[in-house]
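So, here's a batch of structures to check.
Heads up, the next two complexes both have chain A, just with different partners, chain B and then chain C.
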Partner chain A sequence: MKRTIFALSILVVLSLVLSACTPTQAPATQAPTEAVTQAPTEAPTEAPTEVATEAPVDANSLPRNETLYFNGQQWNAVVCWNPYSSNCNNAMALAQQDNARVPMFETPYLYNMLDGKQYPLLADGDYAWDEGMTQITFKIKPAAHWSDGTPVTAEDVAYTWASHIKYNTQFGASNKDYIDTIEAVDPQTVVVKAKLGADGKAVNPLLVQAYLSTNYVIQKAWTETLEARTGGDAAAFMADVAEDVVYSGPYHKFFSDDQKVVLIRDDNYWGQDASMFGKLPTPKYLAHVIYKDNAAGSVALAQGEVDVSQQFNSNIQVLWLNYGLPISTYLPEAPYGIGASLPTAFFNKNSYGLDQVAVRKAIAMAVDFDTIIANAMTNQSATFTQVPRSLMNPTPGEQALYDHDAVKDLQFAGKDIAGANKLLDEAGIVDTDGDGWREYNGQKLTYVATCPNGWSDWQAAIEVVAAAGKGIGIDITTNYPDWGVYQTVVTNWPLPETGYDIFMMWSDGAGPTQPWGRIRHLISSEFAETTNNWNGNWGGYINPEADALIQAIPTMTDEAELKAAYTELVKIYLTDIPSFTLMYRPQSFHAVNESVWTGFPHEGDGTNPPVPPLDLTDGWSIAGLYNLVLVNP
Partner chain B sequence: MKHTFKQIFHSGKFVLGFCIFMALLLLVIIYPIIVTDDPLAIIGQGTFFPPGIYVNSYDSIDKPSPYILNLPDAAAKRIVSKLSESDRQEMKDWLLASGIPENEIDTTDTAKLMEQWETNYDPTKGLGMTYAKQRYYQRLDKSISGLLSPEGKIIAAQNPDTGILEQVGVINQSDYVNVGEVANVRVLMLGTDNFGRDMLTQLVKAIGVSLQIGIVAGLVATAIGLTLGLLSGYIGGWVDDIVMFFTNLFTVIPSFVLLVLISFSIGQDKRGATTIAIVIGLTSWVWTTRSVRASVISLRNRDHVNLSKLSGHSIVHIIINDILPYIASYVIMALILQISAGILTEAGLSILGLGPRTTEVPTLGLMMNWAMIYQAHILGKWWAYLPVLVAIALITFSMNLMNTGLDQIFNPALRE
Partner chain C sequence: MKGYRKYFLNKLIWLLVTAVFAFILNFTLPRLMPGDPVAAIVARLAQGMSSSTGMKEVYEQYAELFGTNQPLLTQFFIYVRNMLQGNFGTSFSQYPRPVADILRTSLPWTIALQFPAIIVGWVIGNMLGALAAYLKKGFDKVLMPISIFVSNFPPFGMAVILMVLLGVNLKWFPTSGGYGFDLMPSFTWNFIWSVITHYQLPFWSIVIIAIGGQAIGMRSMSIYELNADYVKYSRFMGIKDRKIVGYVFRNAMLPQITGLALALGTMVGGALIAEIVFSYPGLGYTLLNAIMGKDYPLISAVTLIITIMVLLATFIIELLYGLIDPRIKAAQSD
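Then we have the complex of A and B:
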């Protein structure tokens, strides 16, 4: 008996060890072609019967060759379908941002991050500024109509803006300082009047024109229905779940629960008119299974259950190099995507010693950025040798906006321990008591580098930042608070004097106001020392010279003048180092599995205008939905 | 005492467990003496380098090789490493799609296949294939270019004055280096992890830390359990009532839930390895208390205890001299189990992201956690987690074996 138990215990241990090995074989043994014929295996719950009666299929047995599967966008269940709300947690349908998400609701224009242009969607032709740049006029396409068949009119655009202001939605609040009114001249013509400054010029023309590709047009009749239902109460107006919402886009809700969200194509979509796309988008269903985490999403991508992946898949190249799966990214080689935003480490100016430029610069110089990019980002970022640091993202358009040679002497590529030590020595910040750590005015320099817990690539990057301290005699440890705590602390000035000395936050990506908007958010004193600050400059940097330039840029029209201003800003940024970029990150991660669909955006795919790698739902990237074809029709 | 030790070391199970445990312990003690590197030093720029011997390629091509080996199968091996059977088949598929008749393609004739490929392949031709496939062919084309060329490769260096590349040497296909003569060779027996840290060095350190956590947790739990059990069992009355009230309270709350809540509320900045160990100890003393109490109750009315009482010995004296020796073997066994449970609990906590903070020391649980975050299990990077799993399994297995061995000797019901 005892021997049996002994033998059994060995068996149990062995089986534990062996069972741990099995997942490694899963992607390898999964034949890519298998996935083509396989229907998705997730069968969470039955679709509600009223939905099932509307369509011949239910959400659990969507025809694979009519469905495009996503991952990485939707986490947790959808709350609402209300385009006036900013808390719907509805990543598949709602996102009014630089690259607005337009499968269900539409903006007048679509922003294309690859060429920086705004292309008409609901609008007919380009918009036009008047002589003194005080107002924009644009037309609505005659073909555009709502899902209930009524035409989209200028009155809808005007009423949407009026409602944003009346109910003080997030979208109204963030634009009302720059937009005065939006009026309908006739059913097809919209005039957007900018807020004017004392000099009679628009306060910020950049933000006025950005509104056109950022914010949805919402139907006036439906808005009035919503108002009647909520009785003028702003909170109720924004909290309405809006299941009855009228939309103009090519897709609408088919099914949604805590396991899955499915949109179905509206075959009456106006965009099949020759004045827009001339046909319907290819997939009938857009589906997003809600995965537990990135790892689960990666497995689904590898197994062909996901067609378009918008999440961070570490070492993505392994999937095609080692497993030979039909998976690819926008670029064939590292960094695999187009970098657009700059995840940044901010210095807390209140922390002891961090008010000294020498300390800030020495830390930034000592950090091994190549290791951050290779290890934390698994090479899914351009390096700082390829794209020297500035306030611009790595796209050619933004890079051309400043004079690289003028700031050459201020650049640092990282891992420059000797240079950093020299800088500190020269500044008189040395180790006076012989304990191996430097002191400033007799007090040891000791910092905590931090980012939210569970944000794996950021955490790994912060580990590398902390490691830099050892080489230059500055004691840096790491700490990863829960996101709930972290976000409350960093968005509300004053920051604590310890615990948040070097902390990571994001920057703007690509958009119609960039790079100006990103620079403003990174260094403008507008946001320094403020509370409930979701914009930027969380370290509290104040520089009147930078402020003046940031204020002047939106009204500058001369290109040389603009370039000089941007160059000066980069110079200020690289001299003062209020924060430093750790890596470049794409606007959206974009990997596709071509088991079922092909024709996804890839570099050099011949599309004109080029379709950006943004999930096929954001801004101009929605044009990619019309290029998809089945691998095995 | 001597007899007891003799008995213990006669138990095969105990000896096996003891040997495994001592081997791990020796590894933890001796390895850092030989390899003095910082276990958390980031040496690899890149993630999950596979286990193997890393030879510095710059050093190995630095000077002309004095070693020329004419091995008959060298060329064939080179070709196989770059052009597998499936690659040949894929090349055939491409050639077929581009219009070459099937009877003209022979995948076994490398020279002919390569020639056909070089004349026909055009990376700009999509041939209706997916992007993934087109890119596969582009990579293949790049990788096999010049495969059959008998020439060596030229090493060139930039002239600092003119900026022009100048030839400084040639590497021929039959040149070899003796690994022993290369200045920089690094053996990474278990490769690197997602941070580019040497897995083996880190693993050894982590085993040490996890053992410490286990021992501290075990000692804390056993100390509390033993003290409370002895007091409650021997004194009885209201002391027993109070102790049993708390023991029952802790029994009904699952200790892991309690542990998760406490770890979370401590906050990540204060969660050092020792703190975690103490917290684990503080939540796992219950069963020791109950068993010790039960044993003490059965002992307290024995004749020798009554005699001691009559002799006027103090409670402390009686507990230490007349009770403790009778339950000592049980306490040791409980301690061993608590240590192994402590190690497992730390691993469990760290996998949930509630373990010790990361930068200071590695622990087995943290290593598993990072391997999981960076998807080592999906990408087939077994060396990032399998050795850790084996280490955890070996530690707990050895301790449980020792425990079973001891049990057979001290438990009258099991004695052979």
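Then we have the complex of A and C:
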């Protein structure tokens, strides 16, 4: 009896263990058949009946075939709808950035990261600089109107800027060094006057024109209502939840709680005028369920509960290759998306030995970048053989901005242990005491490579960086502090002499000021050795030659001159190695599930201008919302 | 009864003293964490900021707003004043959202998930444990290894297994959220049913593990009691088995009740794992984010609630012990 019971209990335990293993096996066999058969058969039978019967009866559910579901943008409950606030945690509606998010509020122009151009939205036609490049003039489209039916005017643009300055909003604070005033010449004409330097030239024309596609136009009348409500108190002005806000975009708030945010289409949207899109965007609702981590979001994408996924889905290709799901990315093969930003490892120039270029370069050369790209990014990044390193992102526009041949000899692709060892030997940095580690002036070279704890892709990358040390006789260990500590340390000079020797931070992505903005943030001494530094150059690199070029580029108009300047900057960067790029990261991850909607942006989809893979809400990518069609109408 | 009054007053004084210290620690400990909450907020705003002077201004603006640039003692008095007015303040990480609003939306989900899960896990676990001790033989031999296995299972693993098996593969239950991804909260059958189905996986992922742990504890306590002298003596006296089991169960339950009280006291901390795996609404994940973002007001509010609940739960348990536990009864009369 005892034996039987023992055997029985073993069986029960085993069955539990085996059931724990099923996830890895089951999907491989079940999912493909289910997905392939389900997608085409279920949707047509279910969707129409749902719409016909349920939608009118149950106003509390969103008809699947009228709703486009997102993930990866909203991670917590929405706090407010105030376009003057930069703290609304309202990712679906508010993001005034390089590729501004425009479903609810609109910018004069839309930036398209694929061709680097700014296309008119609220603006009528292209903007024009005056001869001395001191001011920009543009017009507002006559058809553009607010959600309350009143026209969008130049006065709204001017008042928005004046309010940013008056209340010192983040958007005012970040632009007031470059923009002097924004004025309404007449109801349709806006003049943006640049801040001028001592030489009478604009301090930075690039940032002035970038304002036009990064910052919303907010209604003057509503702003005055807000001012009256908050009595001129700046904190209250920016903390207002703004449930009554007037907007000009095609969508507005329908519902939001701790679990989802839903925007509903405004069928009176001005953009259906022939002067803009000529029709309304296809989905009636834009919904974003709040998932608590990437894993939950990935499951929802695979289940067909998400149409557009902006989060990092590890090994995304498995979803269509192994499970046969109707999921795709912008590019059909690795790297699956367009790299835009350059996650970077910075060298702390205060760390012993890291002031030596040979040490910095040897470490960077020895790193196995292919492994980083395979592990940390699951190949969702171009390799450095495909896109040789520079200061540019992999977009064709930026790649064309420097002379590839001129810097060819400096572009290392990684895992060059022999080259790195040779470099160190030649610099006289050798192992003098025979312990296997090199010394510089008699002191052993030992470093800590670090990034925030829990940032798994960064941690995977930092592990590979540390591993590179072994092959070249430099002792590199890893440490992962909490983000709260990490950010406080790296953004406030001086960096500690140990513990933060090689550390990871980000770089700018694609935008109207790029690649200039990225280069400035990576190497300009403007940010070196500063506190509260959220801009860049965290390692404290100073090079007057680079500074001069960075200062000159915004006013350059001659393409050859521009290319020469960018080439020189790349040369300086790859020679001095104050930091080095670890991978290319997309502006937004972009995977789509086409079981309900199709017509999403894909490479070579024939759209002109091309719709970038940016959520169908950011910059010119909103044009993609007009191309969607139902799989089973 | 005089002894009990003294016992009651004694416990009450200790409760108040503990509460005062806990209150001070609630304020102090989060602020001793390394890192700067305002830097975390500025980090969020950093994207698109091109002017370094502008960045500094924004930083100073928020430091002023949240009072983090004030001395700690001044911050403490502001905190005490606010608390006395029942004002938990404004969250840093979800500014300008009031902490009270965050608690109002998260707490009901947390309590609705945790309270039944703790009670069900406790009741089933204790029943199984007592049965295993009493019935022994086959039942015990099967139950014990399963209980040990299940109670030592990482909660994360259990949640993922349930999700993959019952949610993804069998499609019996939805995999994420507190209600359907295509629904809006309403008092309709459709919505209520959706809430019920979404409840199942997070609920059972907590209950199954709790059952195992409780069963092991109860089994050990019951076996200990079954071998106690009073049981043997009762048997010699010819007292009926049913009556003896009653004695045994009551004595074995005492430590389990303490465990239950503490579990109920800390339940507002949230079921973090279940919340993350199933993207289930609740306070656990909010608290985790608050800790990561050094959101002092939110951390202090949640820990204060936990402190008060634990203190009250232990206070009530101690009062009940004074009435039901013969050993404590005896001590009072000394």
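Convention: the second predicted complex is superposed on the first by the 579 of 633 C-alpha atoms of A that agree within 3 Å, B and C clash if a C-alpha of one lies under 4 Å from a C-alpha of the other, contacts with A are read in each partner's own complex, and residues count from 1 in each chain.
Following the convention adopted for this analysis, a contact is a pair of C-beta atoms (placed from the backbone, for glycine too) under 8 Å apart; a residue touches a chain by one contact, two chains touch by 3 or more.
Not measured: the values here are computed from a predicted model.
On the superposed chain A, the two partners chain B and chain C both fit, without a clash. Once the two complexes are laid over each other on the shared chain, residue contacts for A:Y480 go to chain B alone; chain C is not touched.
In the superposed pair of complexes, A:T557 makes contact with neither chain B nor chain C. Put simply, if you stand at the Cα centre of chain A and look at the Cα centres of chain B and chain C, the angle between them is 50 degrees to the nearest 10.
Of the two partner chains placed by superposition, A:N608 touches none, neither chain B nor chain C.
Number of chain A residues touched is higher for C, counting chain B against chain C. By the touch criterion defined above, A:Q443 reaches neither chain B nor chain C.
Once the two complexes are laid over each other on the shared chain, residue contacts for A:V299 go to chain B and to chain C alike. In the superposed pair of complexes, A:T214 makes contact with chain C only, with no contact to chain B. By the document's definition of touching, of the two partners only chain C reaches A:A77; chain B does not. In the superposition on chain A, contact of A:E463 is made with chain B only, not with chain C. Once both structures are overlaid on their shared chain A, chain B and chain C have a minimum Cα-Cα separation of 5 Å. For the contact definition in use here, the residues of chain A common to its chain B contact set and its chain C contact set are 2, 6, 9, 13, 16, 20, 23, 26-27, 295, 299, 302, 482. For chain B in complex with chain A, the touching residues are 13, 42, 44-48, 130-133, 135-136, 138-139, 194-196, 267-269, 353, 357-360, 372-375, 377-382, 385-386, 389-390, 393, 397, 400, 404, 408.
Against chain C, in their complex, chain A makes its touches with residues 1-2, 5-6, 8-10, 12-13, 16, 19-20, 22-23, 26-27, 30, 58, 60-62, 64, 67, 69, 76-77, 79-80, 85-87, 89, 96-98, 168, 170, 172-178, 207, 214, 234-235, 239-241, 255, 257-260, 262, 287, 289-293, 295-296, 299-300, 302-303, 305, 482-485, 487-488, 491, 513, 517, 526-527, 530-535. Residues of chain C that touch chain A in their complex: 33-37, 39-59, 61, 65, 94-97, 102, 105-106, 137-138, 141-142, 144-146, 149-150, 157, 160-161, 163-165, 167-169, 175-186, 188, 190-191, 275-279, 281, 285-286, 289, 292-294. The touching residues of chain A, when paired with chain B in their complex, are 2, 6, 9, 13, 16-17, 20-21, 23-28, 294-295, 298-299, 302, 313-315, 318, 320-328, 332, 368, 370-371, 374-375, 378-379, 448, 453-454, 456, 459-460, 463-464, 466-467, 477-482, 499, 592, 594, 598, 600, 602, 605, 631.
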